[in-house]
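Just so it is clear, A, B, C and D label the chains in written order, and each chain counts residues from 1 on its own.
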Amino acid sequence: MKMKWIRDEDFIRGNIPMTKFNIRILTIGHLAIEEGDRLLDIGAGTGSISIEAALQGAKVWAIEREEEGISLIKTNDKKFNTNINITKGCAPESLPYNSFNKCFIGGSGGKLKEIFQYLDEYLEKGGILCGNFITLSNLNEFMALLKKHEYKDIETHLIQSAYMDRTGLMKGENPIYIVKGVKLND
Amino acid sequence: MKMKWIRDEDFIRGNIPMTKFNIRILTIGHLAIEEGDRLLDIGAGTGSISIEAALQGAKVWAIEREEEGISLIKTNDKKFNTNINITKGCAPESLPYNSFNKCFIGGSGGKLKEIFQYLDEYLEKGGILCGNFITLSNLNEFMALLKKHEYKDIETHLIQSAYMDRTGLMKGENPIYIVKGVKLND
Amino acid sequence: MKMKWIRDEDFIRGNIPMTKFNIRILTIGHLAIEEGDRLLDIGAGTGSISIEAALQGAKVWAIEREEEGISLIKTNDKKFNTNINITKGCAPESLPYNSFNKCFIGGSGGKLKEIFQYLDEYLEKGGILCGNFITLSNLNEFMALLKKHEYKDIETHLIQSAYMDRTGLMKGENPIYIVKGVKLND
Amino acid sequence: MKMKWIRDEDFIRGNIPMTKFNIRILTIGHLAIEEGDRLLDIGAGTGSISIEAALQGAKVWAIEREEEGISLIKTNDKKFNTNINITKGCAPESLPYNSFNKCFIGGSGGKLKEIFQYLDEYLEKGGILCGNFITLSNLNEFMALLKKHEYKDIETHLIQSAYMDRTGLMKGENPIYIVKGVKLND
């Protein structure tokens, strides 16, 4: 049986920042990943969200522009036996021509507008779009585009977390915004 | 098919405080709920964690001392068709005499010591114990007991979250500590 | 002697939300209030920042559009003997025609652009402008205007705080952004 | 004139962690530093709180056990012309035999009990004791001692802050607990 809820230390990691456990799990939760979902992961980074989503039952397409990221996704895909479709390239030009019911944006390469246009066509009605943001400017552009493209049930969450290290010290993580919306227009 | 990742507004709620979505999902994640798990939920409150865990595939035993909580758990159990074993009573005296591989403590009624003694017997080796804490005194007692009873892989997370309301205002939630440990002793 | 560092419970308060102690003190700190400063407080609300700044040695002009706010500022001004210049009205049309070396914006009434134009004339070179924001849209507009008007030493702080109530429960406050910049253009 | 509200970058810093601006100013605020206060700073570290308190008008005694800290305090004391009494040594044995009306504890060297006994004698009635804590164990011991020694008006604040770096990324700071109490017993 494939185990879900992968811990950070079980991923093979490089120098690319990886979405940590708490944010990864919250993202999976807001995407409401179910068995049989088709998830597009744009800016997949190390692929940690792709891998977890696959272990939770989704069929995943991951796109990432950095060679190091691609290499890590492939390594983790093999380790966890997740059979992810991995594409090296930039959004929107390298995005696949098939439809999805879930989409996660971890990195946009400054092309959020074009990605939303792509999703107008390829994200299914009722599909969930979720993004994680560490800068206010990307956050704002994403929220504005969700409204412009008439997504519904928009939620914006700010998560500031900290964990206790081995010495008992509480270590703060960077604050992250998790935003989601449901696509209603066709 | 049973849908997972229940939203707060889909639970039938009373006046008892309910663990909100983000904390509920993080708790499920730290408990690493898998199909076939047997989860004991001590101080189940409104039962939102019990319900979500059941929808994620666990067999759940929920214990709660408040009549209103029991009533809500039963109502939600029926609504979501989760078939939870519900017991009205206090820990440890009303805890069941069967073993579990996962245990969540949402409320202890001041009996954490006795609950740990119970778990020495009824939580399986390798089982995960997780608690949510909103007071520092309960948090500290729990962490001390995890060490005393030689739990391993102890993690302590502080989560401060906020969400955007309909007017655009960011509303802060109360900070919550999520603590987990893995039982190694028999 | 006038006592500084007024506690929340010592202000006479109405139904208008008051900037709480921690945020008030951080704001005074980022404004770097010194004896002899001339501070313009735009959208003064209950006047708690005006009062504290005055007790710290500033000469203060407070502008507020709500009658209830004006009444509270007057009452607190009398209680703390701070001799604040209080104007009922909206920014920018009711702003005074004298120059300041510090300016705090607690509320803009949607007129941030016009307020920045006013400050181009009336905030002195080297003067500090500071704002508190509870919505991302106002925060973003303020940051964009700071850049457009070529403010320097811009800092943006996100503060999420919580306090322990009498029962030991940690209660979360709403997250607040404190932003400051130093005016260099004349 | 001595300028208050020193920015982090204006302190001469070494390898010792320095209390950052926001926490330093909140601490000064909770200590309610007024002209003429006599402040004892136990575990002064880099002396940033001692220096700021002195610039705000307090007469300051700083005690620190690390040579590097002592050296930094002396350097900053000279830079800011604050005339602080600096003692190299451990609490409680190196604490001075004069009374204070304010006391800050930044580091206790595991001797909180003994420090409280010392303060029973040397902190004046009505004096304010404030501590900053980054570990839950020290926090809890401090809170327990405040109660045992019958301090009043006890407040516990949790501060999680983040700041925007030059690239627009929000960077989280470690969460810090600021606790204060007022001494009523003689």
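For this structure, a couple of remarks:
As a working rule, a residue touches a chain if its C-beta (ideal position, glycine included) is under 8 Å from a C-beta of that chain, and two chains touch if they have at least 3 such contacts.
Quantities reported herein were computed from a predicted structural model and do not represent experimental measurements.
Look at the CA centroids: the one farthest from the centroid of chain B belongs to C. Looking at C-D and A-D, the interface holding more C-beta pairs in contact is that of C-D. Computed from the mean C-alpha positions, the centre of chain B lies at a distance of 39 Å from the centre of chain D.
Put simply, the C-alpha centre of chain C and that of chain D have 27 angstrom between them.
We define each chain's centre as the mean of its Cα atoms; on that basis chain A and chain D are separated by 43 Å. Among the residues of chain D, those in touch with two or more other chains are 136-137, 156, 158, 160, 162, 164, 170, 175.
Those residues of chain D that touch chain C in the shared complex are 1, 3-5, 21-22, 25-26, 28-29, 32-35, 155-164, 170. Considering their complex, residues 134-137, 160, 162, 164, 167-175 of chain A touch chain D.
Residues of chain A that touch chain C in their complex: 136-137, 139-140, 143, 156, 158, 160, 175.
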